[in-house]
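Every chain is named by a letter (A, B, C and D) in the order it is written, and numbering of its residues begins at 1.
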């Protein structure tokens, strides 16, 4: 099946359309089934993926608007493959664990459309197609936050939409400009990212374009100081919305950096290492402190997302394979872990209809399973070795250390400040005596809830102990990208900083 | 003694006139039929109008490219043909909207349809000539018909709208005429092609700067009025509000297409001659218009009025393409309208089906946002389609307007005006707010009253039109390619 | 000797008078007259320029302007009559139900 | 032999997972039994491995699988069993086994019995990973693993509420657990940085490869690496200024204190320094710093122990003090002596803690030694054990502590660092004093507990039996000093006293002994006959200073915790909400406001509209004229 990517993209959309016909009572089951099929398909994609090939695979290329250079161009490499798999997985688990009772059918249909856009973003190799899915993903999310959210939902939804929309329009101008240059150089219109990679741009163009793309991606990530939409969106979104938002939508921003900014503007990227690192460090420390000040459990997780995205960002700009692979791995890790944490908050919210930590306390005694899973995810979140959270964070910090020891130490405080707010959440909610009468009768996780967490826990441990199946394809593609960036860089500075690994992945297998 | 004037029919090349003649003859036919039998139902006239427009369309398609005719006043170049096609298609979309399930005053007069056809003919004359006399005549024919059509809606607001539009239109006509006079004084001709030649030799004469300035500014005012550019836009919101919804939607497209065609001819000439300030003026108008109109749209309480401001903003957006004076820019204008047409008419048609005889929600407005609250519960399909139109207008891909937007933004980038593209982008972001506001009302709020009748006016033909608009909006990605190549070919063939 | 420029100045002055009338008048009927003045100013200009160039197009334009002015008056008065029937006044300050 | 390595390593993991299966169920006695047996198996395997290494003098290396591979970085799960690690393995598994058996009795009535064993075994597994790993990353896994287990176990009784610092200096188990975790994390950052330095300069994290590369590195790099790694060690081994968590960690169940916070985990820092001795021996400045810090902590902790009234805290301070001794030895280059003291200390300190656990058990978790006294009548065996352990701790021959501690003090003399030597000698005296102050106040004198209505009783017999190996080792471990030296110096650098020192050895020993005996005698005089409180002394500033741990916890709270919380709050409420977010909203509001302003031009009045047109025309003219003037 060579066109598996198209199937992956459009199956959920088609299923969403057909979903309108499905009876209300069966909508949930329908959603789970479709998401499961989609997940299995993505697993198949992984299985049939050639892990030794660092380039694009399963490429599909159909000219769409040749006069304008737009084509329907899809493909995956090691970097995007796992983001696709994570997307389908989190959608499946999200739908399966969904606790919404109102308008379930609309929710299922919306989620399926959202899944299409998310998969689309990760497999698109044409800038316009990428942009198309990128923007479209806002719409279902707007609806999810706006229709099922909390009291401020409309404000949050619109803020989310407009903020990201604004940024991405600037990015669009950047894309158009790249296309223009490409046309000037080659005489052909093309929006294909792989074509764009071949462009060697002068420094000032690179810088301006980097800035344009940066705005689009940074708002999505969200980087400080563009992050304030996120706490609102998370605070108001229903659980499923937060899960998808944190797990997948934020990754679109960081993915954009790997897919566009780094390979297209290597020199600008190198020049921007320090500013980006500074912003990232602010994200890491500042938002961690803000998270510590929160009273609402969900807001803590929301701000912690920003903090973790800081780690991802800084790793991306390490300009060596350790850092970038770690950063991509950390995207997956953060996707799984923060998704799970939001689901966990959702569990308690369903029971108590509050997320204020002051309302809880001593939950460990009443809901031991819940406390256990929360504890595992907490540990993964603070980057405990042998959980998924460590691998990425460690690699990121290793990688960036080569660039700047001092900034690495500052970013590394993430393991301290992260522990501070996470442990404080755990202490406030789970430890201590049970003070509130209504908490004494809370039910522990139901089998349904438990079974939606078990796969996540399994992944957290599996990829913490044995990340190789995932890390190696990522690493291969990253190495290829770095080699390419190094070759393309025009300034000596960039050539010096971009580090091409000389030892291949297999050279030092287990002896 | 005067020589007898011998004009051979071939040299007149009447084919170039055929489209307009079809429309005019059709209008007359309707009047005659009404004289013979005054009791015919509006559906008869609607269908007749459709047929006449069809003939008109056929005649337009049959035109040979870049042909002149009728004492060389007709000029059927690419711009003319493309804009005529757009005008006719938009008219064909508009006409069936008369077939509402409720009766409306204006459609009971067959004159409505006759006037409508005269108006179409007027616009066609306007675009199909580079002779300022004919442009002026076409402009006035169309405008006078349009004022009447607005007034026919028979509401106190409609009269007010008609008067405002009329008065300001008369002033604009004065400006246009004066501008033509100055240009005439400058060049001794009112044919743009010849004027350009003459001007080219005189443009460096510093003594004439004032005249060039005067002519361009006067003509610009007249066109800016037609295109509803800030600060000449003031009529637009009121007129849209006073006019019936379909007519408002129509006004946001057809007169502007015609005005753009004329503007391309006139201002393209100036820019080609190296009169940079014309470009500056256009850019300024464009940027200010799209921004201010956007900001004003933010604060509207009525959907129709919001859409009025939104179409002003879109006009500003397109105006920017005019400043580029590149083939892409000119093609962008028509491409944008071709894509915008369906969405915009669809959106206004959605308002049309919810039009009530009496205002139920608000003392002043017919279509306040509250009216659409919870539409998803009342009329799910309608809400989804309206949302599609709104997203398209906001420029969310892959819906139709998005393609127009990026084409124009690309054109701006290609012309070296990256800042303009960024301004366009940011404006799109601002505009998203008010479009979203409607979506929020439709999807995220509970209905305010138990409204049995949001889809009060719905009928099969209206559903068909809206359905067509929705399909065209959603499926844009599939026809953008042929559209671009056709428009681009036509525009470049006519030398712009 | 009265030259082209004199005519043009007259035309410009008339045009300005018309414009000021349009801007200052509060009665719709007067306003219409003011626009007529403007159009006639244009006619003078056209006629004069036409004579200056020895070219008939200007005069043709003037004729068309006259025709259009006439039809404008016809349509305009029609609308005014309906308006007057509804509102009972032609003062444009009373005509501001739509705003904002 | 490989199988034995895996058995030794994974038996605790299996044990932990087995116990975890029943983690949420009511007490199951067999869980305790099975885990104890599995730990015993691990011990046996370790012992066999130790024998193997001892006899063959070769290390066993195994690689389980790849762990992380990215860029040029490749980290396998590799384990090495050599002289150092096998010593640690044996000590760890031995103490663990004893503690597991002991816990069967101690946790008898706890409703989270099963969970406790799960955590405890998980800890042992982490510790085994820590000591057995053949690379720094693996060490870090264990390092963090023990941290988490320590967190879980300190906070084991998480249901206790927070109380004020006056009431309980540790506030609550969960508070203490968090404090321990976060403080360790601070140090772990240092450790990570050490790893990064090592990796980027040697291209590997494998011990052997790294150590082989060391001679090629510059001094500053070595110093940086050594310092960073030592910062890591400071956290885990609770060295000043990261020491406060250790005493607070006493909130955990006493077996935990014995195993984790005395015998094993806290010595991980010392282990790291010993493990990385090739690095530290190349950085004399850092090593000297380590020695100085160690000496300081030895004295500093002992001083706080002098006045403390809390049974477990006294032992905790003594642990801290002994860790100081170990660092002093390691810092002075006597790695094998540090390791020897580490092992010996593990035995007698665990014994001491378990004894304290017996007392607590008897006294219904009362910890104030001022409320005890005369317990020897009911708790003979415990008295014996604790007495033995205290003698060993005080360094009285022929008990284990004498041999190990004396060697350290001798080393300080040998290195010519006489100030360190003097401090260490004085500290030895203090150690003897506070140890026996505690023993006498608890077991001798008047039976103050009766006043408070306690009914103490001796613990289960099997618990006492379980403790006996530790007691025996506390007594005899010192005798193996020679063979131990021969064994570990296969790997570690040898350390010999100079001729001069050798001559004075008996004299030096005597001085130390004199101080130790002096301390005991002083304690006996003051406390053996019963508690006579010296109000005047207790009111002095230095007494208060010591009793309040030099006010360091308060200092941390006032200058770190509270400002952190305050700044966090400011960041959130003032910066994030009022500046960052308000700017965004401000832009939106500005746009909206502009729209509201602009709509005012739309008056509805036709005359205004016409004026606008005229204004527009004039403006256009102006713009055109200006740009014409500019552009030309």
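By our rule, a contact is a pair of C-beta atoms (placed from the backbone, for glycine too) under 8 Å apart; a residue touches a chain by one contact, two chains touch by 3 or more.
Everything quoted here is computed from the prediction, not taken from an experiment.
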What chain is most central when centres are computed from CA atoms? A
For chain B and chain D, what's the span in angstrom between their mean Cα positions? 78
Counting in whole Å, what is the centre-to-centre distance of chain A and chain C, each centre being its mean C-alpha position? 65
Would you mind pulling out the distance in Å between where the CA atoms of chain A average out and where those of chain B do? 44
I'd like the Å distance between the centres of chain B and chain C, where a centre is the mean of that chain's Cα atoms. 25
Of all the residues in chain D, which ones touch at least 2 other chains? 599, 602, 604, 606, 610
Listing for chain B: what residues touch at least two other chains? 163-164, 167, 171, 237-238, 299-300
Going through chain C residue by residue, note those that touch at least 2 other chains and give them in order. 19, 22, 92, 95, 97-100
Chain pairs satisfying touch are A-B, A-D, B-C, B-D, C-D
Touching residues on chain C, where the partner in the complex is chain D: 19, 22-23, 25-26, 92-93, 95-100
For the complex, which residues does chain D have touching chain B? 591-592, 594-596, 598-599, 601-602, 604, 606, 608-610, 612-613, 615-617, 619-621, 623-625, 627-628, 631
Show which residues of chain B lie in contact with chain C when the two form their complex. 132-133, 136-137, 140, 144, 147-148, 151, 156-157, 159-164, 166-167, 170-171, 173-174, 177-178, 180-182, 184-185, 188-190, 237-238, 241-242, 299-300, 305, 364
Would you pull the chain A residues touching chain B in the complex into a rising list? 64-68, 128, 131-132, 135-136, 138-139, 142-143, 146-147, 153-154, 157-158, 161-162, 165-166, 169-170, 172-173, 176-177, 179-180, 183, 208
Which bits of chain D are touching chain A when the two form their complex? 23-24, 63, 65-74, 76, 137, 140-141, 144-145, 148, 151, 155, 158-162, 172-175, 178, 181-182, 185-186, 188-189, 192-193, 195-197, 199-200, 564-565, 567-569, 571-573, 575-576, 580-581, 583-584, 588
